[in-house]
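Several structures are given next for inspection.
Shared chain: chain A. Partners: chain B in the first complex, chain C in the second.
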Partner chain A sequence: MSIRQTLKLTTGGDLVLLLAMVALTVGGLWSLGWSSPHGALAVIEVEGSPREHLSLRVDRVLSIHTERGTNIVEIRDGRIRMVDASCPNRVCVTQGWIRHRWEEIVCLPHRVTIRIRGLEEEYDAITR
Partner chain B sequence: MMRPRFILFIALGGSLLWSGCDQGPHVVSRTQYLMGTLVTVTLVAPSEEEAAAAFEDAFQELRRLDQMLTTFDSGSEVNRVNAAAGKRPVPVSPELIAVMEEALAVARLTEGAFDPTVGPLTALWGFEQAEPAVPAESAITAARRLVNYRDVILDRAKGTIFLKRAGMRLDLGGIGKGYAAARVAHLLRERGFPGGIVAAAGDLQIFGRKGDRPWRIGIQHPRDRNRLLGSLMATDQAISTSGDYERYFERGGQRYHHLLDPKTGRPARDCQSVTVVTAEGSRADALATGLFVLGPERAKALLRRLPGVEAILMDAQGKAWVTPGLEGAIEGFAP
Partner chain C sequence: MPSPVESPGDASALSRETLVPLAALTAIAVVVHSAEQILPAPLPGVRLGLANILTLCALDLFGLRAALILTVNRVLLGSLLSGTFLGPAFLLSGAGGIASVLAMGLLYQIRTPGGRRPFSLVGLSLTGAFVHNLAQLSVVHLLFVRHPEVFFLLPLMAGAAAATGLFNGLVALPLAAHLRLLLAKPVGS
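What follows is the complex of A and B.
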């Protein structure tokens, strides 16, 4: 059967079904963060294990307490930063805001990492 | 006969199902704090279980290497050699002999810009300390005089290392992470994993592929944390970056970073970052440090006579230079 014949036999119901499926797929991907060039989610890890998963769409400030000290994290306007830390060198605080999927903030003294995550990683590793 | 609308329906459903299943290779990662930094192991693995067992072995191996190479534990092999400086040769493992041979080879290539005996200077500056400070000039001069890779006596037959002068100290911080990444990548490949990355901070050893494509590696921009210099597609390669932005402290408006020039005893000032791409992790790591310290002009001259080594240099003014082998290979190159 040719494509032309198939199209002739396609009913309005088929088209509705097709459009619904496309809409569901696009909507699903959108909600998972493909819409944004930036990551939709920040993961805060302590000693390499995830402690918090935070949406970058919700502005907030929170404290991360570890046995080595405390880090204060702030999310605002789709970005995240370490706003304060009780670590000695505060390199993590001076790093400022991050928002791209490949970026990370590392507080080596406290072993706290902030990573940005999306549905699909753009880069497999970063040399820095 | 099956009605066409059903055929269309089945075709659509099938294609959607197919796209849902076609997620590419199964890639898993684990991160731990080891060797004074973040180490991430990424694997293409058939299942979570197989990956979990491999991760355990990989991190176990990294802990073993850390215990051998660290200067933060008085019982490490390296520190046993340091404790006997000026006194006697110390028997060590064949593995440490091999790492030292590579370290000395790069020291010779870079005419001491990379020097595994930089220990007295790194200890003096104390970048790992809670409150590092700029040392007194007299202390820098005294420490600098203890740094010389030519005063390392390596006896392969007897399996010993001897530091000729009292006060000398090995510090393998400029090669250890690259070596460890390469070693662990080798183990994982031997276990049959088709691809993976061992990343010890900026020192990456990449093996195999990510399914049907190479791995995509981003390169940090040295002056803009929120930007990449570009990215490279890599398969069986080591990539290491040395930059003045990773470990540093600031005093009096001046930045003091951890890449010390053995000749001056102070942070090297002529580069912002150097990225090296070559086969082996230990060489990539040590050369990145050495080329950074050499500065752009001498680094370029050395790179022109080193086959199989590609590099990206960012000089102190932020001007980029790449080896001919990398020209056109860096995606989105934006220095």
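What follows is the complex of A and C.
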């Protein structure tokens, strides 16, 4: 059976389904903004162990108290930054906003780290 | 599964005319399914799901029950061959396979007022691929990754399903038509 004969056997319903799925893909990717894949979650670690898991979709300001000092983080518009820190040089504050999985903010004097945890870790769970 | 030879009066049994080709389709599906695990994926995380071609043929030639039997056996035998029986991959494979067969079977029953099928095997294949992914994502969400962000993958999966479903459907459509002619011929001719 040639390709042309095969295509003749397909129906208008098939085409509608195909177009609906393509539309779902394009619309979905566009609305999720995959062109700049943002992380979904900020994880704040103190001395290497996770202290807070914060959704980047909820705007808030939070103080992180450690035995070495205090850091203030802010989440706004899906981004997170260190607003202030009680350390002398405040390198972490100058790092500004982060939102992507590959970015992180480190406050060395207080042993505080902000990482973005995103969707990509889940890929490994969905094979086969 | 009851043997049709021992219980010819059993209405739930498949006829021998169905059982033999269905067993062959199942065997091919297991091989295709296993071979696909070894071959590299076209994109990371995306598989063609070529075994669905055999499921589509079984559905078209012998109906939903035969297609369901093929899928369950394919998942069981495939997992025994690859050593993933009762593992997470087995759960995902089973959930995706069974959900997609049921969806395709349902779609196959639909008739327009004129008595025609609104969807060919290509439409069934597209739906099957999408439902397969959707079921797997749901299982992943329920069992492994408990936060709803996994459903952000849905658009990507719809895109992958559109491509793989279209490919498989366009293979299954002429194949099923050819098999139908072949099976209609008397043996030996």
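The rule is simple: the second predicted complex is superposed on the first by the 65 of 128 C-alpha atoms of A that agree within 3 Å, B and C clash if a C-alpha of one lies under 4 Å from a C-alpha of the other, contacts with A are read in each partner's own complex, and residues count from 1 in each chain.
By our rule, a residue touches a chain if its C-beta (ideal position, glycine included) is under 8 Å from a C-beta of that chain, and two chains touch if they have at least 3 such contacts.
Keep in mind that what you see is a predicted model, and the values were worked out from it rather than measured.
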| item | value |
| --- | --- |
| Which of chain B and chain C A:48 touches, first, second, both or neither | first |
| Contacts of A:9 with chain B and chain C, given as first, second, both or neither | both |
| Contacts of A:40 with chain B and chain C, given as first, second, both or neither | second |
| First, second, both or neither for A:88, with chain B first and chain C second | first |
| Partner chain in contact with A:27 - chain B first, chain C second, else both or neither | second |
| Partner chain(s) touched by A:98 [first = chain B, second = chain C, both, neither] | first |
| Chain B versus chain C as contact partner of A:58, first or second or both or neither | neither |
| Touching both chain C and chain B, counted on chain A across the two superposed complexes | 1, 5-6, 9-11, 13-14, 17-18, 21, 25, 122-123, 125-128 |
| Touching residues on chain A, where the partner in the complex is chain B | 1, 5-6, 9-11, 13-14, 17-18, 21, 25, 45, 47-48, 88-89, 91, 95-100, 102-103, 106, 108, 111, 113, 122-128 |
| Residues of chain B that touch chain A when the two form their complex | 3-5, 7-9, 12, 16, 19, 27, 30-33, 36-38, 40, 42, 130-132, 197, 199, 201-204, 206, 210, 215-220, 225-226, 228, 231, 239-241, 243, 246-249, 275 |
| Chain C residues within the chain A interface of the complex | 37, 41, 44-45, 47, 88-89, 92-93, 117-120, 122-123, 126-127, 130, 136-137, 140, 144-145, 147, 149-150, 152-156, 158-159, 161-162, 165-166, 169-170, 173-174, 177-178 |
| Residues of chain A touching chain C in the complex | 1, 5-6, 9-14, 17-18, 21-22, 24-29, 32, 34, 40-41, 119, 122-123, 125-128 |
